[in-house]
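Have a look at the structure below before the remarks.
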């Protein structure tokens, strides 16, 4: 079995490799093909990846590629974890929206739109080349904004799923609080990527969310940075990203009172690359946890195993929270919209599990953001200032004409190099 | 035929009477029953109403009632135009939301929620008593927020429609700009009450909206107080109330830089009542136009005529923009939601005309506000601080926890006298 | 010796009485004349005052008066602690500025201006009647805004001093932290009323402020609700009121997210009056501490003792922080401005102690607020919308035309009943 | 006579040359030495400068220099018009303060502080080298922030004056409105650089400001972009820069709703340089007026003439509005502060004319900004994050701790290359 990773030079890759080693029984990978235009960085990452596999006695080959085609040729699955424009552009996504009083974030609001505009054309081009090289390969997208990118892929008929680490993070966290195995925790996770709520937490067929909130309210509220009293009142657990909505102005004030996070992340990355360069390091470094993206490897490797592993071959299906076509799961959204919910995953792909009707308090916001996402994809595919403006005016965190005008101008000015039409 | 008007002491009533006189052929009213607890004011309004009818040779009797039952007994239609709490409370609706940096308006945002909470129980009680007295009477609601109030009525099985003057205002305005008869203008009006867009303007089977915008862009943009460039780009005409969304912060700044409108309206009302008290005045005074509510009588009388008049008796149906049950017209909303669209109206009631799919730029906001409306009605029916908070958090103009907390406390403090549970 | 208290029905009065009892040796008062138009309340307050004195074996008579002249006739000192408009108006001072996004506070910003406009004419009238009745009586003003009111009194040639409890509060607090007697702590307190900084804290001739900050930074920062890191950097202790400047927008957000404090204070007052009505209560109740105004009696009684007591008679002078004429103490302010600084007080009145040059970081704000105070007094004395607007435009917490317009309209609308010219 | 211009490659220089040609009688310049490190640009500017002089029959030589010393050697006056960091940094000064909700402007607020920090050390170094080369030369500073830079120069004992074009702009504008000669208009201009008000406008010994405002209120208000009603009420003419204070939030909203002005200015500059490169162009191009800086040459040449020209030689003094030492002119500011007022200028330098007491509405803001300026110069001279923070906290447009923290971090991050200590 061959796995290809586009953006394989990411500092996250060792986390993925660590997961492969741990799940080798179910997912016997022969080759891990890392592709990245940044050759120096890729070499460092490939080095530590090989040492991690070797230390754990895994025989898979790690190959490195600057070009896509040889890397994906014959691949069974292709993971997308690229970042168009790199950390420098991320820093911009986090900064210029603040000039307009809007949250600066790389997946939500105006920054997320910028990322979508930069990313969708690149991903579609890659996916098309993957299809030429390996028509049956699964494409698993981690590149943000995952919902919009996955919808772009599905619209073009690709065999794609989108994946995010928010759900698995809650699963692990709740399991620890409940002293049970993660695999025994089944989340009632619902919404759009980075706009989700855990409405139930089933263990052994019982919804233990009320118990969890009764016993661990403060710990949970602290983790998602929302007031405990409100979490208690809502009786669900919003994802951390809901804070950008529910506490938007407070977040803007926080971001204003300190420098952007770019320097922070850059420092962590530099330290990681230093460690990766050290030939004596043959384990995933502890520092990687600070980088964000916890449990990412778990989620990715387990999902690929369900699609392609021994269990899948034997006709088994497992439940994963993934981004997939709505097809009536949320009846207030279009069928071709992409939602993030628990799904049964096997060799035939993913089918969403049935979903209880969504309460208006969550559904209204989901519908509003979904409308934005449609316009965002439209702008990403067809370009033009008017489409960017429309997407921003449609976003519940913008919604005002003068803000949308100012953000549109800034988005274009800061992303000129990535927008063919600009 | 008997018409009853609940809140008949309103200074608007002469406008309605004027309409009755003009449409007497199609709608031969014998009795106009005005009911209002404010007896002095009612007497003044009844006086001028009688003089207007007399001057125009209309023989209908105008009766006055402090109690509801005798007024609605035997009525064919009951018009609801009451205002719970009067102008003083309206002033509050326009004021305390500003303390939290939110628009102060009596139908939109937190002020609109306050009005819903005060109004729904009163209207439901009235409707129940109407049903006892005149089971077949139509109830036509003008009391804001019309969408929420109408849904409350329909949910209880009343024969009700909601009516607003926004659509007829556009119809008349466009007819004037196009030099055609208002009746020849067919609007592609869509959305929820006070959250609508004109997407087409048909005259003789042709959509003249592009022409209208090409020729009269500045006049139209000025009327709805939005930038002409944006109206041109959107290529639709948003209602004036969209300004509270598209220019929210600018409106807040404006409201902050001047006193509240209460004094203004109070002064106009005082002047109107003075005129009504003058026995020589037997026409609708010109000053009434400043009061807002233009074309209200036209819309109301014509709608009742379509339900109950000669044409209805003859099986004819006319098109009116009304608030009615969705029933799939907007597929992204629940069937039992109330929407504001053109409908074919006859003796059997109203059926929505088919609607083109709604663009995401409008649909996202409609869905978000509809979710708020559901929670608002829930709070109006069942009370409790948590329901008020949830409705506010669900509103796209609030959406943040701390604002929702502060607004909830203020709403309750300012409306204590009207909320049984508070 | 006779002391008169204008606004003697205040729930604070028992605190003052308690102080008189404790300092009876130095200040042998024969009669305490309480004057207040609210007779019922005054009776309750007088009752507990008599019981406190009796319990402590103090023989002074407590007399009650609804009219001013008999109360102040023959008085040696007259304390002003009235509140024009009462708690209801205070609530308004705290509320309507929020509509404009400005802090709602009864001494700072637009609310403070409203209080000045209501208070200055009343206080000047009282002072004139005091002068007629007892030409030699000292007038000690606690009524806010103390700086503006005191300047109004001095301009009219009254024998007046202004007093606030901020300085004595710091003195007691620092003494506790340092484990020394309050009398041994000499503050380097400088600025205008409610706009002051402690720049030094001398104990036995040594400035222990650096030590205090080194050892108790967090406790001190918590008390004034400013970030410890900033207090450390400034190396001075700003008064709590500086928070309305240094954290203005954060305070506005806090005020927005909860109801106004009126209900809170009203509840405390109701509880206090209940206790005062209980004939078995003959001590200052512990609940009084929640009312704010800690150490107020200490400061007041000690100041009067320095002016009139045995020590004064013997030619002694004591140091108190008071509001008095600048006369060159702060060279960047006019001589006739009123500043709040330590002064040597004896039978001849108060003389400011020498003051080190004020650093620009504090002096700039002092000068700006002093300019506002001059315009505020001008508006209080001569009235007119333009003067109110000018004072608001001159205030560093307003400073913008549209805010000043909106605040002016609201101030006048909410204080109509108290403004002769409005 | 020799004039040296530091930053002579500026696109403004032809305006200056044009002025020299027109005033050649009073100021017979033999050599105009342009110094600028940007050689290519300097060559273009020198070319058109020579053609302008030639066309007007002026015999002065225009010399170009990349190094300072040869340019200033033997100079009678040195004009400073450099811009440290160029237009790119100006764009940043206009942008990052917006991230914190503060006005982005290169002379006012946080952007102005950034410019001061970059500029002061460079100017002081230049001035010292001028003193070595030509000890008696006058230094005339146009480089912003003129007030702070001039104070830095005077503190080091340089023969310096600061100059700005705001006053001469009003003089010309008022002269046109009044149909009199500019020289007949004497302004009552008072304040700090970019923080001034015209309090009187004397023509033939009569203050015609009331007449001007009565007749031309709208034109004047439009020019300074303030509401006419407020200008009328204030009865003075604030400079355009007051808008950043009086309408701060509205300006921020404007800046947010459109891209930064950098592109605009860059486009104008590119067009100007193109014209300068055209050998057929031998006049100041009309496009130069769009660049801002109107009447700059008039003011500069006339000021130098008063210092060094034939009139000065004959003992004559002329009145110019300049930046010079306060020395008691505004008694509420320190003697060594630099103010901008009318002064009598001759060979001995400048002496401020007597000034009427400044009204509190203006004086409070002047004093506050002056305190900021002192801390800004302190930060420029001695560096360090704490000094930058203190200056920002002292600025009336910042004043809040969290804004000052965020702005400090951004200022340092964006100006790292120019701050030796950072």
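We just call them A, B, C and D in the order they show up, numbering each chain from 1.
Assume a residue touches a chain if its C-beta (ideal position, glycine included) is under 8 Å from a C-beta of that chain, and two chains touch if they have at least 3 such contacts.
None of these values were measured; they are calculated from a predicted model.
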A-C compared against A-D, more contacting pairs: A-D
Per Cα centroids, the chain farthest from subunit A: C
Where subunit C and subunit D are represented by their mean Cα positions, the distance between them in whole Å: 45
Subunit A and subunit C: spacing of chain centres that average the CA atoms, whole Å: 58
Whole-Å gap separating subunit A and subunit D, where each centre is the average of the chain's CA atoms: 52
For subunit A, residues contacting two or more additional chains: 249-250, 253, 402
In the complex, subunit B residues that touch subunit D: 249-250, 253
Complex contact set, residues of subunit B against subunit C: 95-96, 98-101, 104, 253, 255-259, 263, 402-403, 405-406, 409-410, 413
Sites on subunit A touched by subunit B in the complex: 226-227, 230, 233, 245-250, 332-333, 360-361, 363-365, 367-372, 374-375, 386, 389-390, 393-394, 396, 399-402
